[in-house]
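The next part holds the structures, each set out as structure tokens.
Shared chain: chain A. Partners: chain B in the first complex, chain C in the second.
Let's turn to the complex of A and B:
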């Protein structure tokens, strides 16, 4: 099926946003001067996977995969699998970030600084 | 490595990724073709096979339920890790809590703020339970509702202080609930072994469509997940709020 040009633009912009979020988050990690900032940059990188999954599962003109309120059961809809992957990952990611922040707190306690450049990781 | 060198290396790598991305984009199939068959199989089978109306929940707690077990235990283990890292010697902790709780009582939020914040707790709890129990009918389920429930605990802290938070939510109880949620998921999954069927087979009666009881084990697993997610996040709040009570001089 030939898609109208507007859909092609929409597809493209979705992938572009995913790559943009990935790169800008990676820049944040590379240039980080504080471990909390580093953790938050990591969440930006992770947000790019959400955008990527949403755009992969997107089907032009189709409804959400919830078959109530006028959507006939069994009719075609947006891809439910990537949505399921995403919603679990958003919740799990929050706890993983909490773990990273807990590690940050520990590093700050033992090293006295949260600058990744200043922290001597190899010290016992 | 100096910052400028690191930045230069990053720009080199990032421009490589950007170039590869634009090359790859030319061959991306239009969104109608990409992996569509599997998605539409799920969409067309969810209602006749499982009697539920939310395909996302069906994927999460049934068709790909085994994946969700893995995700659940990532959550469980990272909560466990955070608690381990932020633990303190018990007697020191008790002393700090008592010291820190007292001066906060007078400088808490104003009565008007407290009234509004605390009056939000009951609606939040009801809303969280609604999202958890209606996952098989409308968008929602254990993961989303669990977060809403945990945020009710957070606004209890915002409206009062950590001493009240600690008195209302018994830590031992929350820990038990988290374990019950994680174990409950596995136990419900193992239920099908009594019928000689594989792990996580939906063996309970599927109920009447469009009603709360539809979907068999899906609703139960959703509730177990909701329990684990909410309890896990409340435990994280516990750990971080407690850490906050450390006087800045004592590190």
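Let's turn to the complex of A and C:
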């Protein structure tokens, strides 16, 4: 099947978005001046893996892997495995981010600040 | 009855039950349940080790086994061989030691502690036994989550919590790199089972660049977990602040599991891929391992806070273990496995010593304790024995492991490795001896010495 050129662009742009999200999230983590901002930067990094997984399973022009009326079971569809992986990924990372936010609340409670640099200074 | 899933099922089920009804149970009952659970899992793992020596046990969850050449090759399996089951048994042994120690270490403890420890146990066993790459990532993340929660357990100090936070963020970013790598591998092969991945890569080998990039991505998360230079900065903070029974597990086996995962991924997936890969991996990891070993040892010698000192010593010894892996030789790997066991037991003993000092004097700073610890001299004797083991002298397992690694490195004409191993062992053992002499015998100066300039946070490395 001859694909229109726009599919190739879409294919490439998905990977580019994943790389961009990873880098910008990492920059956010490194330069963060507030722990909540740091946790949210981590979710941005995490979003890059969602995009990567979905773009890997994407097949141009094929339907979602929901085999109800109109779509025969076994007929070609977008890869459901990576979507399952992505769901697992979301669950796992939701746990980690919840844990981090809980720790942030307690740091703010005991240190009176949520700026990583100031928390560091109180220790040193 | 199928034993294979039990090392994960038992602790998770008990943890769930304790989370539900634990607050109604008295503390000693909770402790007893935790001890009984870890003993049971230990027995199961030992039986699995014995059984698997006759051949690899493969257990498919839910009976969902991929048919050969099917269009939908999905299924999650445990792949149990003597090495993985043996390591899982070792995990159980250390968890058992840790529960025994926390019986009298914590003055008061809530059910949450036992729940988290059991989840931690399940995650570590799962990581050892799994034969599926994505499943490995999930266990890795579960292990991190449980470890972080334990690290900040019952602490209202911002210092302790900041250590836990650094730990979580660095390990999670590493995990995302691993996930990206395994997504790329899946895109190429259409499989997540490690054996299947290896077979596919051998049958249609990809380009060398693809193999190198995916390999480095996949192992990145585990390199962070193993605290290999330059990813080691989180470990000392996490160790310094975590409760002592948890430190036993962090140093004794969690960090080593990172290396185990790298070794397993390499040997199952990448070892037979017909592209020239070995030289690059050997050189890179020998250098990274040596740098980790030497730098860790130097920082270890510069500490006066015992838990921090032991944490840096762990970094140094993990560097030695990475060298054992990087030789890419079955005998060196055997040596590394022996070394892991020996090191884990010695570190458990030393951390228990640190816990006793902390419990008794409220500090583990050698200048603060100076000579006072004379009243508990047997602990000092134990620490000298520990230093003896860290130095890799007979009759400790570290000696035999180190000798195997050393011999293979001489055979592979990497003569300078002997010096690296020597420096790492002398400095880490020397640091423990110096601490023992000053705090138990009152030797040495009262004033700060030259090496003690890095005392508290921030010591970045």
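Criterion: the second predicted complex is superposed on the first by the 116 of 124 C-alpha atoms of A that agree within 3 Å, B and C clash if a C-alpha of one lies under 4 Å from a C-alpha of the other, contacts with A are read in each partner's own complex, and residues count from 1 in each chain.
Following the convention adopted for this analysis, a residue touches a chain if its C-beta (ideal position, glycine included) is under 8 Å from a C-beta of that chain, and two chains touch if they have at least 3 such contacts.
This is a predicted model, so every value here is computed, not measured.
Q: Using the touch definition from the top, say if A:27 reaches chain B (first), chain C (second), both or neither.
A: Touch status of A:27: first partner only.
Q: Which of the two, chain B or chain C, is in touch with more residues of chain A?
A: Partner with more touched residues of chain A: B.
Q: Once the structures are superposed on A, label A:89 by its partner contacts, choosing first (chain B), second (chain C), both or neither.
A: The answer is both, since A:89 touches chain B and chain C.
Q: Just chain B (first), just chain C (second), both, or neither: which does A:77 touch?
A: The answer is first: A:77 touches chain B but not chain C.
Q: With the two structures laid over each other on chain A, which partner does A:60 touch: chain B (first), chain C (second), both, or neither?
A: First partner only, chain B.
Q: Is A:99 touching anything from chain B or chain C once the two structures are fitted on A? First, second, both or neither.
A: both
Q: Would you tell me the residues on chain A in contact with chain B in one complex that are also in contact with chain C in the other?
A: Shared contact residues on chain A (touching chain B in one complex, chain C in the other): 22, 26, 56, 74, 81, 85, 88-89, 92, 95-96, 99, 103, 106, 109.
Q: Which of the residues in chain C end up touching chain A in this complex?
A: 71, 74, 134, 138, 141-142, 144-145, 148-149, 152, 156-159, 161-162, 164-165, 168-169, 172-173, 176, 179-180, 183-184, 186-187, 192, 456-458
Q: Any idea which chain A residues touch chain B in the complex?
A: 1, 3, 7-8, 11-12, 15, 19, 22-23, 26-27, 30-31, 55-60, 64-68, 73-81, 83-85, 87-92, 94-96, 98-99, 101-103, 105-106, 109, 117
Q: Across the complex, what residues on chain B touch chain A?
A: Listed in rising order, the residues are 3, 6-7, 10, 14, 17-18, 21, 25, 28, 30-32, 34-36, 38-40, 42-48, 53-60, 64, 67-68, 71, 74-75, 78-79, 81-82, 85-86, 137-139, 141, 143-144, 146-147, 210, 229, 232-233, 236, 239-240, 243, 251.
Q: In the complex of these two chains, what residues of chain A are touching chain C?
A: Chain A residues touching chain C: 18, 22, 26, 29, 35, 38, 42, 45-46, 48-49, 52-53, 56, 74, 81-82, 85, 88-89, 92-93, 95-96, 99-100, 103-104, 106-107, 109-111, 116, 119-120, 122-124.
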